[in-house]
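I have a structure I would like to understand better, so I am pasting it below and will then ask my questions one at a time.
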Amino acid sequence: MVNFESVIFVIVSGAAIVGALGCVFSSRVAHSLLWLMFTFFAVAAAFLMASAEMLAAIQILVYLGSVMLVVQFGVMLTRRRIQDVESLPTLNAISVVSSVGIFAFILVLLRGMMEHSMWDSDPSTAPTTLGFADAIFNDWTMATVILGSLLAMAMIGASYLVRDERLVNLLWDMGAEE
Amino acid sequence: MALPHILPEVLSKQISGVTRNICMGVALALLAISTWAAATSLGDINWMDINFGGYELENTPFEIIPQIGVSWHVGADALSLPMIWLTALVVPLSMLVEWDAKKGQYFHPLLLVMEGAMIGVFISLDLFVFYVFWEMTLIPMFFLILVWGGEERRYAAMKFFIYTFTASVVMLIGILVMYFNTGASISERSFDMIAMLDSGRQMSEGLRHLVWVLLLIGFATKMPSVPVHTWLPDAHVQAPTAGSMILAGVMLKMGAYGFLRVAVTAFPTSTVVFTPLLVVLGMASLVYGAWVCMGQTNLKRMVAYSSVSHMGLIFLGIATMQPLGIAGALFMMFAHGIISPLLFAVAGAFKHHYHTLEIGSMRGIAHHSPWLAGHMMLGWMASLGLPMMAGFVAEIAIMIAFWMTFGWLVLLPALTLVITAVYYLTSMQRTIFESNDPHHGVLPDTLHHEPRDITWHENAGMTILGVLTVLFGILPFFFWDMMSYWSTEFMVQLLSEAMQSEGVRP
Amino acid sequence: MIDPSWIAALGVILFGIGLLGTFYHKNAIVVLMCIELMLNAANLNFVAAASHYGDVDGWVFTAIAISIAAAEVAIGLAILLSLYSTQGTISLDGARELRN
Amino acid sequence: MSGSSNEYNLLLPLIPVLLLVPALYISGMESYDAAFLIVLAPFIAFPTIIIAGQLYNGNETWKNKMKEGGIIGLGALLVSLSVSVWILIEYLAEIHHFSGHQVTSWIEWISFEVLQSDYTMSSTRVFGVGVWIDSVTLMLLFVATFLCFLICWFSLGYMNTDPINEDRNHRFYAEFVLFAMGMFGMVLADNFLWLFIFWEIMGLCSYLLIGFYFWKESAAYAAKKAFLTTRVGDVFLMVGLLILYDIYGSLEFSVIFADPSLHGAVNSDKLFWALLMMFVGAIGKSAQFPLHVWLPDAMEGPTPVSALIHAATMVNAGLYLVARMVPFVDVGHHGVAGLEDLGLIVAYIGGITAFMAASIAFVQNDIKKVLAYSTMSQLAYIFTGLGSALWFYNHGEHHAATFVFGASMFHLFNHAMAKGMLFMASGSVIHEVHHAHDHLHEEGNEHDDFDPQDMRNMGGLASKMPVTSTAMMIGSMSIIGVPLIGGFWSKEGIIAETWLAALEHEPLMIGPAILILLTAGMTGFYMSRMWFMTFAGEPKHDVVNHVHESTPWIKEPLVILAVISALGGFLLALFGVIDYLSGEYDHLALHKPSLLEAIVYELEHAFLPKNPNLRIVGWTTILLSFIIGPIFAARVHGGKLAEGHRASPMVAWLTSLSGMFGSQDATELSQSSLSEALQNRLYFDYYYELALSKTVLPFAVFAAWFDKTVIDGIVKKVASYSVLGSFQIRRVTTGRASDYILMLTVGTLSIFALAWGVSG
């Protein structure tokens, strides 16, 4: 009898793949954005199935919450005319052939991985969130601190990159009353 | 006692007058040292009893790059000493001839750098160091042609550099193959020439022939033999006088020296097997060079092709597999090293004073510059192979050895002597004589002022070369005994058993 | 608990699709999204390995990867916006300055 | 004329030089040890004259006192002459007996070893330099030194008074002295290599001397032609030497002549080829049949040069070389048998050249050209003589061989003396006519085409130039072979022996025998034609009336040589020179009990030889050369002197005699096609030029083009293709980001696959 758990997994992975395909092949940027968010939900579900609750939470919080929001802004700011179809695919001979080639290669990779010997040994117990929390702050303290500073830098850099030096903004920054 | 090898890297930027004198001083010092080395060594180190492989004036090798076994191992023997003395002689003379070169403060130091590099080539007994110096000689020559050259000097300099550089890369491959055969693991491999020699023996038959051919290509291009000689005329026509004097005088000999020192010493058997190839190459460059020479109109280009033709004789000399032949080849290198700078000094003086090198464009120059005409005649007659001049000694030696080994084939080089006489005489005829007017010659139309005779320093340079040519023509035994002894030892220790193994009857 | 090898398989497939996406799209933002997708696929693999070996480091890596991905998106969009302001368009074909 | 009587006090500085030899003698030095001085003196004089000339060019004392180097040259040649005379006296006067030759070697030139066929190294072999003196060398040495001295004396007068080569005479004397050194060195050398080296030095000097008036296009061309033709000969000579070296392992005379046949081991056809190659070298140098084209053109040089090169020294070099071949073929003294055809070839070449040169000389109008062709034909005579000698030696007829060899060498002596004097006499004629021409046309720069050398302008000079005309007369008689005068004694011997060989032994020898017989007659004609055209009859050009003999330095050599040509022949024959030269006797002496008996023997031997057909031959030659030739010439060109012109008695009788045979107009004969052909030297030059310009020059131009386009072309192609290739690669960078991503992924994936493949 097909156990219950694998059925759910098939649904989740199916959703993820459909989402990814939707994101890639949709002609409108907005649609592909939505499909992407859908895929992220499926991935979070997959994390859950791998009993990584904490990660699923992070995934949803970070990715869906902030990243998708930022991308949303990006899409809004760069679209001139609503109706123009920006994401026409670049169909030239070489890219078609090479993409098919790459896809075939990924399948080969997949097959190679599945038969890989590492999966034979029986799966041990999944790690607990407690262990996760302990690892972050004891073994990987240094990594976490650096991670924090990295994120800060990224934010400052990004904001600096998009600064707008037009005079009117400068005056506004300095609180000139107009 | 390490042969004092001052590598004049210092490029002084003061006013050219000061640098000129310093450079001349350094060059003369080098000449003095090498003459002393030649003379005294003749005295106490009797060259007669050195056996092949034993090097005089050898220093204790000290490691430069120990990891890959490169050591500064320096020494001179009967093969390299005449060449060292020749370099030390030609460089100060070429400086003397181009004493008034413009931008002198760069010109003379460059010549010194070349001298350092060339002497490096002749004394280094470590193939890595040999190759480094071999490449180093190209750079100053490139700049000499590029900055002080003739009209299309850019093309000539580029062609010269790339052509010889690719050839020496081919040679490098050969050297590396030999290097990897000197030892199993990295630790005991070394670039030292002595180690290389027995590495040559362990290689398989096919590999040995391959490496020999690679080395031949590298050396044959440098010493222009026919198929790969086209860089020489262009380089010479555009090079300044001093540059082409050194290029013809010494750099061409590096090819022949390298061939003997590296290729023939390491692979005697393949040399014996490939003797017909050597004969073909030598004969081709001798005969073909002479024929092309006859068709030339530009004086310098003609002299350049005549160098190609004379260098062909060296291959013939080596191919005879007779000590007389090899000694003749060595003496030919030496004699040509004295005569060709004289020829180029004369050609350069023509360019300098008459602003044209076209043979047809001027007549009866003897009226206006008798000294130049005198030197031209001496130089032309010397390279014609006239007895009492150094050229003849080498030619007669090679011819006799050639007859001993190849019999009636000697008629071909013999008849080429006539062709050499033809093109030398016609060119001399049209420039110096034949002006149909007893008191002044027909001047080239490009000339607008009354031409003066050659300046004192050109005259001094040419006279010294002329005197030396005649001196070594009448009394060649100073260097000849050294060379003939070396070649006998060379034959006995290396080539004779190689010939026995190949079943070649001398 | 699902067998980790399947999760890894899902990861690989998602990676493939993301990869194809990057070729297909002229619009820079979609390319960015596809890169995000590929990063997610990578996280899936991490998690699969972590659960398979029961080693918590897998999760730590995934967490780090996610935050870096976030930073990367921010900067990517910043560059895109500045590109937009200079070029007026964000289509990848437009930008030809790289070709000398 | 500038000649003042006290010119001769310039010779005072030479007196001490004369004391050199006695000083050496007193110091007990052996004569042959001093032999190196003969070569050394000119060798030192050469640089001194050149450097002094270049430095003091134009200053007065140098020009007058030293005659621009002439006196130094004369001094050096005097040293050589005195030493050679010293050696001559010692050997001829029985003080020294040398067992055929004397060898002293000075320095070792180059030493080397040879790898023998059994792979062992031979002992060190040396190319040394040394002196080798035997009878032939002595004779040639005396001829060379004596004539060089006289010609240098003559050129003091001839060259220094000619305004055109004002400041250039030092060059002339330097080259003259270098040439002398070349000749002496060649004659004295003790091995073939040094013979070859001096041989080529003479080639160089002949180039320089012929091209002395280098601004004249024809002179420069003639010099080049001379050098190249002799150079061709030299190359073959070198090849011959190589073969010789290979056979004998050394080029030393002492080694080779000790046993030329190496106890029968030498293979004769290899030796034949060696000797033939050397003979080709001799042909080149002595201007015989195939390589004779350069001799007539060599007249472009100043007359002392023609006298020196084409009479005394250089042309004798070829003969000396052939003379040196005798030991190889001398079957009696372990020579190599089977070389008969070498003698035949030499004889035939001699015969052909003699006849050809004599016929061309018929139509020549330039006085020096006539002499040039007469040199060529007389040399051919000696070659025929040597050819038959070689043939006899190889045939074992020892007595006949030695006789004809001695006769040819003696003829060489007579010819050299007579021809040297003839050239100098013609030089003085040209010189005087030239001066007269300049005097007449003081404003003389309108270059009318008056050629001082053209005999058609001359005539009746006998009265104006007594000394030259008598000297010329005696010289011509000696060349023609008038009985009892100079050349008769030797020429008659050659003809007799060649006929002897032809009749009794070798039918093939009949060719050269007939040819030289005819040439004897023709010599008679053209020599007397030359004399009559210049000296007899009325002057054909008004310039000639103003000629008179006044330049100093010229008359003395003519007088001395005239005496030697006239009496020398007879006296030497008396003293058995023929046998001495061929090595029969050790020294010159009266080998007959009394003088009278010797005279009777010689006369009887010359006029009534025992062999009947030889007697016929002898008389026909005398008939042809002495009677028919001159009479025919007298009829065409002879004629009494104009009234009121008195000449010296002997000459006057001859000119009047020439008038008696009536006159015959030979104009229609001279327009005939034959004489036309003879004028153009039988078109040899034309065909040689044609062959050269058709093959050599176009091929050279093609080679130059080939080199520039094909070989250089390949190099340029390689360069251009590589540039094209780089353009292709450049197109890959499209600039589209997506392509870059694509390339990026393909790259990483392939590396990944590679790693995976390797690890897997």
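Order of writing sets the labels: A, B, C and D. Residues in every chain begin at 1.
Rule of thumb we're sticking to: contacts are C-beta pairs under 8 Å (C-beta built on N, C-alpha and C of every residue); 3 or more make two chains touch, one makes a residue touch a chain.
This one's a predicted model, so the numbers in the text were calculated from it and none came from an experiment.
*Asks:* Per the definition at the top, count C-beta pairs in contact and tell me whether A-D or C-D has more.
*Replies:* If we tally the contacting C-beta pairs, C-D comes out ahead.
*Asks:* Can you compute the centre-to-centre distance for chain B and chain C, using the mean CA position of each chain? Integer Å is fine.
*Replies:* Taking the average C-alpha coordinate of chain B and of chain C, the gap between them is 66 Å.
*Asks:* What's the distance between the Cα centroids of chain A and chain B, rounded to whole Å?
*Replies:* Those two chain centres are 72 Å apart.
*Asks:* Between chain A and chain D, what distance separates the C-alpha centroids? Give it in angstrom.
*Replies:* Taking the mean C-alpha position of each chain, the two centres sit 108 Å apart.
*Asks:* Measuring from the mean C-alpha position of chain C to the mean C-alpha position of chain D, what distance in angstrom results?
*Replies:* 102
*Asks:* Please set out, as single numbers or ranges, the residues of chain D touching at least two other chains.
*Replies:* 736, 738, 742, 745
*Asks:* For chain B, write out the residues touching at least two other chains, lowest number first.
*Replies:* If we look for residues of chain B contacting two or more partner chains, we find none.
*Asks:* Specify, in ascending order, the residues of chain A that touch 2 or more different other chains.
*Replies:* Residues 90, 95, 98, 102.
*Asks:* Could you tell me which shape the graph of touching chains takes: line, ring, star, complete or other?
*Replies:* Chain contacts: none of line, ring, star or complete; other.
*Asks:* Which chains touch, pair by pair?
*Replies:* A-C, A-D, B-D, C-D
*Asks:* Quick one: in the complex, what on chain B touches chain D?
*Replies:* By the definition above, chain B touches chain D via 159, 163, 227, 229-231, 288, 291-296, 305, 321-324, 327, 364, 366-367, 370-371, 381, 386-388, 392-393, 396-397, 399-400, 402-404, 410-411, 414-415, 417-419, 421-423, 425-426, 429, 432-439, 441, 475-477, 480-481, 484, 487-488, 491-492, 496-497, 499-500, 505-506.
*Asks:* In their shared complex, at which residues does chain A touch chain D?
*Replies:* Chain A reaches chain D through residues 90, 94-95, 98, 102, 105, 112.
*Asks:* Which positions of chain D touch chain A when the two form their complex?
*Replies:* For this pair, the touching residues of chain D are 736, 738-739, 742, 745-746, 749, 753, 756, 760.
*Asks:* Where on chain A does chain C make contact in their complex?
*Replies:* Listed in rising order, the residues are 5-6, 9, 13, 16-17, 20-21, 23-25, 29, 32-33, 36, 39-40, 43, 46-47, 49-52, 54-55, 58-59, 62-63, 66-67, 70-71, 73-75, 77-78, 80, 86-90, 95, 98-99, 102-103, 106-107, 109-110, 113-114, 118-119, 123-127, 131-132, 134-136, 139-140, 143, 147, 150-151, 154-155, 157-159, 161-162.
*Asks:* Using the touch definition from the top, list the residues of chain C that touch chain D in their complex.
*Replies:* Those residues of chain C that touch chain D are 19, 22-23, 26, 31, 92-93, 95-100.
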